[in-house]
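Note that the chains are named A, B, C and D in the order they appear, and that numbering of residues resets to 1 at the start of each chain.
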Amino acid sequence: MIIEDVLCPFCGCLCDDIKVEVEENQIVGVKRACRLGSSKIRGHERIKAPMIRVDGKLVETTYEDAYEKAARILLNAKRPLLYGWCSTVCEAQKKGVLLAEELGAIIDSTATVCHGPSIIGIEEKGLAGSTLGQIKNRADLIVFWGSNPGEAHPRHAQRYSSNSQGKYTPEGRKGRKVIVVDVRKTRTAKNADKFIQIRPGTDYEIISALRMIVAGKGDTLPEHIAGVSKADLEEVAEMMKSARFGSFLFGLGLTHTRGRYKNIDNALSLVAALNSHTKFVVMAMRGHYNVTGFGQVCAWETGFPMSVDFSRGMPYFNPGETAACDVLGRRETDAMLVIAGDPASNFPKTVVEGMADIPVIQIDPFENPTTYLSDVVIPSAVAGVEVEGTAYRMDGLSLRMKKLVDSEYPSDEEILANILECVRRLRDDN
Amino acid sequence: MREIVITPLKTFSIPIEAEKICPNIVSSLALKEIEGIEVWEGNRKMPLSDLFRISGDEGSTSPEDTLISLKGDFSRVKRLGEKMSAGEVVVKGNAGMHAGNSMTGGEMTIKGDAADWLGREMRGGLITVKGNAANYVGSGYRGESCGMRGGEIAIEGSAGDYLAEHMCGGKIAVEGDVGDFPGASNRGGTIHIGGNAYLPGAEMASGTIIVKGRARVLPSYQLEGTVGLEGMTLKKFLGDLVDNGKGNLYATSVE
Amino acid sequence: MVVLLKTIMISGRTLGQGATCESKTSSEFFKATSFCSLSEGDYNNLRIKEGENVLVTAPFGQVVVSAQNDDGLPPGVIFIPMGPWANVLVGPDTGGCGTPQYKGIEVEVEATDMKVKDVRELFADLDKAERKVRS
Amino acid sequence: MIIKGGTVYDPTNGIFGEEMDISIENGKVVEKAKTGDVIDAKGLLVMPGGVDAHAHIAGAKVNTGRIMRPEDGRRGLEPKTKLLRPSTGYTVPNCYAMGYRYARLGYTTTFEAATPIIESRHTHEELEEIPIIDKGALTLFGNNWEVLECARDGDIDKLAAYISWGLRASRGYGVKVVNPGGGEAWGFGGNVTGLDDPVPDFDVTPREIIRSLMKANEMLRLPHSVHLHTNNLGKPGNYATTLETLKAVEDIASSMDRQVLHITHMQFSAYGGTGWRDFESKAPEIADYFNKHDQFTMDMGQLIFGSATTMTADAPLEYANARLLHAKWSNHDIELEESSGVVPLSYGRKMPINAIQWAIGLELALLTESPWKILMTTDHPNGGPFVNYPEVMTLLMSKPKRDEEIATLHSLVPKRSTLATLDRELDWGEIAIMTRAAPAKILGLKDKGHLGIGADADVTIYNLNPEKIDPSKDYKKVKEAFSLAKYNVKGGEVVVKDGEIVSLPQGRTYWVDATVPEEHALRVEADLVDKFTKYYSIQKSNYMVQDAYVTNPMVVKAGVI
């Protein structure tokens, strides 16, 4: 059986045109997906059964026992942290927010180690964006700044940006200019019309210089700005102003480097100013397929998009104080639930050390380094392959993910609902 | 002056939220009543006396006439002196995040270091730090257009990143170095930095920043000449011109 | 003579890292993320051969990774794919905004005979099975 | 259940202040209930549950407002309770606060004012999370490529078929039109300047778009009329465009017993002056026109001093606002369909423009003779948050209250508006019309906004004795009582008692399923296949809102007979 128009549960592109061939409840073919998506949909070796740690060893147990152990750990904690959330569907994320409320926990997503600074930048300036289809149909200039879709979002160029075709862009790549700004000549940079190589950590100054040139005040600038020639920046500014529709697509190159949210803040201002000259939009190249969804769910449920602390019964938001790396790095949390994320691999090792000293619950289909630090391990069905539900693309468009095959594992939502029920029951017993 | 002494009973790992440790709240309370004021350890609410020993003078007085002495390590005790309008708070150790948050008057002295968001959204009064202060001294809450609007913060050591972000008034003086982006998006107020600074006054609309050490200055600042100030010769810049800013930035040497 | 190269480390996504990141215990993931790319000049200066290892040292930790050259890198900048090897070098400071600085870390690189740890070994000091603690 | 002995205002049924009992069974008003609880409402004001026909309560724009405004989120915090989830926000509350606050005001139904079809899944995800109240969403059609092409070709049959499809795809209730043509022009940074300024590349004018959509709307016999945000909204001198728009559609007849066109948040479209310097009210001209024409309705879009978050599909307006006020600016252009923007701002009493805008909203309501023609709204959260409705009610009911306010405003108010000269004070019945009966009638909700037999048992009891209280003098008491309902009964269930939420039923979501002749549906289908193949960034099969997102639907049938 061929299932058409499947959504890909890998990156923020959330491609929705995948064809998947299923035979006897097994995925036997994946078409149109990139290497990343295909690998995810085809699947990997799974965690077989729920486990709890006994005398240092993870030993298999029942789901009921794992739920109860998890609930006890969370109930005993004074400052539990519920972290992950981006490789699952919104239905599970909603349940997670409810669990966080019930526990008086901190809930935070993987956004805080990727585009968290972008969100803080947006809080400073707002974001002039669009859906990806708008770029496909209209953009004649694409700026990739600190983003490398050639490796991180392989189908982005073809479906949405530099190489896509639409109403006002019938020639695709030929009718467009592509500028790449990066510290290294990436796969994406090799296909650019103009590549500006900058030194790490100088993005803010370069963007300020561009803002000056765009505002017609370039004459006060020195000949070189952080090592980049003014002439190069003048050329970039001219390309931006003379475009009919420009788009500024930025990645972790801006958020992970010195300046962090200030880099984004400045880029958002540059784009706002460009709109006085032409049409320009800006977008964060979000990583996980539903990291955007967590921000949306968390915002409508709590008023804030991430790093929400429910300790005092109402949401308190302050990344720098309430983000996962903040509280783990400072050893301020006394229990952690990890779902649909792998902090042991993705946090700085110095922060991961904080997980070694506290009880950790993991909900995930796959074994990963977080498993080594977990005390309760609950295997789940793969969202977007074995479970249907909602996901938000990097541009904020929501789509419904399909269920392709049946699973012997419970969904993230079911697992969370069970833990929540245990929490409520144990609390009532006391 | 009535002195109330508060001492932690243990070393905290989970931060304590104790905005009620504030002259405005405790001045009129008997010691027994102060023991009962509510603080939070993570998601548990408890009386102050579960976590701290309370001693000092009995009686009831006005906030103006109240001194709160905090003895020991308060580096994980947050929101000390929040919204205080008068009186004195002395921390004889380190202070946790948000010390002096939204204070409008009175005096706070921190003998050790101050954590992030010291004097956030301060309106008046004086905060003195003998040690170092971390990030966001005198800044605003996320998304707000105004941080500190009045009062004074004096730091004898160094300060972290985003010092005085969105500052709209008042004065901050740091004797040592500061981190990245001091005075970002400020609209008024005065910042004195004794040591070095990295990209001061980004998007400054108005206000004054003086850097006596080295500063890496944004390309969107225009050099206007040199001036003598406090016996030193300083370069004077106008900016931040990205936003037609009219701020004054002075620095001795420029990277 | 040991050459000690002072560089800036950046980490980031790659196709290989993305394709294997849901099977982190696999040899494919190990291959895709436990290496370091250097500019041709830096690579030659270290006097190493293709596939030999380097020890990378940052203020917060050190890690052994295999070395390769990448003509897209400028001198003085090295690249390690996003993942546990790179993250040994990243400090805990979240800069007041919740996000560690994964790019632009000052490191020193030198050739080494030490082998690259596999993922399990890399976490041996934190692995609860090794620590035999927790009740 | 019986609500006994209250002083009832039920304007739809001609009841103005009669002492009577309301009997309720199975969620409906009945002749006589057999059993059930008795609520003693003796000496208390009883009205149908409030109906808000225009507010931005759910969807991408609202959430954008939340995400860019943590400083708003931290206002209005209320912790979780055994029953309630935490509340946050003032201008952009979280979903739960939305439901709780409407319920406490005595409201039971609210319609989200603008959802682009492609992003309606998101709108419904949020609507589902809003507790208690019944909801619906108006679907944006004014800048949609298929609409522009049908209007250009004068193909009303096909346009009607597309609307039918679009309402189903979005699970939407009616046809919302925002700055027709301007949103498309904004795709390349442009706008349209008036009714006859053609949309770039589409060879169609706003006049043609509005007329075509109205004709299609009436052809489909939709329960609600076209709901229009005019061109040039928010600009000085725009009253001329507004009147020109109305005159341009005078010949179009309504197919139903309701208006043929609703112009929304009229305050923003009733401006005189050639610029901000000579900015003035043209509310008298607008009200005069409405007094002479019975086929049109409007809502106030009243401004509230303090913080607001403007959010609209009128993206060029938002860019202009942001540049003028040096404010945060979010923009979101939506492929083939719309554009939109979000800008937070603060309205100041001493700001001449804001003070005059405040006066214009009130003038419109006081100068329009029939309360059936003008609804009370603040265009939440554009003019200000809906929690301020009691403030607006008291301003309308009390001349002394208005005088007291005017004294605190910029001195230009009496010079640039007529408000200070108006003595009219609305009575309980007129308030009941503007907040209950008329919005239900204008939306075409037959079972809402009244308490006749068969109506939904949505009943509000306020802690006021309308016989004894003089709202002109005791406006403080009136505001207090309207702010926290004594009882709010929703669908026969007590949801608020003494100002506290006591139960959390899941409200229903209204949407319109309109049928069209198959031949036209097939023509639309062919167009859509083409557009999805060439232009949309998603697949057609993934586009339509699935049933999973509307768990408690109330489907209203319409269509071409």
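Here, a residue touches a chain if its C-beta (ideal position, glycine included) is under 8 Å from a C-beta of that chain, and two chains touch if they have at least 3 such contacts.
It should be emphasised that the depicted structure is a prediction, and the values quoted were computed from it without experimental measurement.
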Quick note, more Cb pairs in contact for A-B or A-C? It is A-C
Chain centre (avg CA) closest to assembly CA average -> A
Cα centre of subunit A to Cα centre of subunit B, whole Å, reads 34
Rounded to the nearest Å, the gap between Cα centres of subunit A and subunit C is 22
The distance between the C-alpha centres of subunit B and subunit C, rounded to whole Å, is 38
Dist(centroid_CA(subunit B), centroid_CA(subunit D)) in Å evaluates to 45
Where subunit A touches two or more other chains at once, the residues are 120, 123-124, 258, 310, 312, 317, 319-320
Touching two or more other chains in subunit B are residues 116, 135-136, 141-143, 180
Each of the following residues of subunit C touches two or more other chains, namely 95-96
Among line, ring, star, complete and other, the chain contact graph is other
Those chain pairs meeting the touch criterion are A-B, A-C, A-D, B-C, B-D
So, in the complex, the side of subunit B touching subunit A is made of residues 13-15, 17, 40-45, 76, 97, 116-117, 135-136, 141-143, 180-181, 184-185, 199, 202-203, 218-220, 222, 240-243
In their shared complex, subunit D is touched by residues of subunit B numbered 140-144
Listed in rising order, the residues of subunit A that touch subunit D in the complex are 4-5, 7, 16-17, 90, 94, 98, 101, 119, 122-134, 136-138, 159-160, 165-167, 244-245, 272, 275-276, 278-279, 281, 295-296, 299-305, 310, 312-317, 390, 392, 396-400
Seen from subunit D, its contact residues with subunit A in the complex are 58, 60, 62-64, 66-70, 72-74, 77-80, 85-89, 92-96, 118-119, 121-122, 125-126, 129, 186-189, 319, 322-323, 327-336, 339, 342-343, 534-539, 541-542, 546, 548
Residue positions on subunit D within touch of subunit B in the complex are 68-72, 74
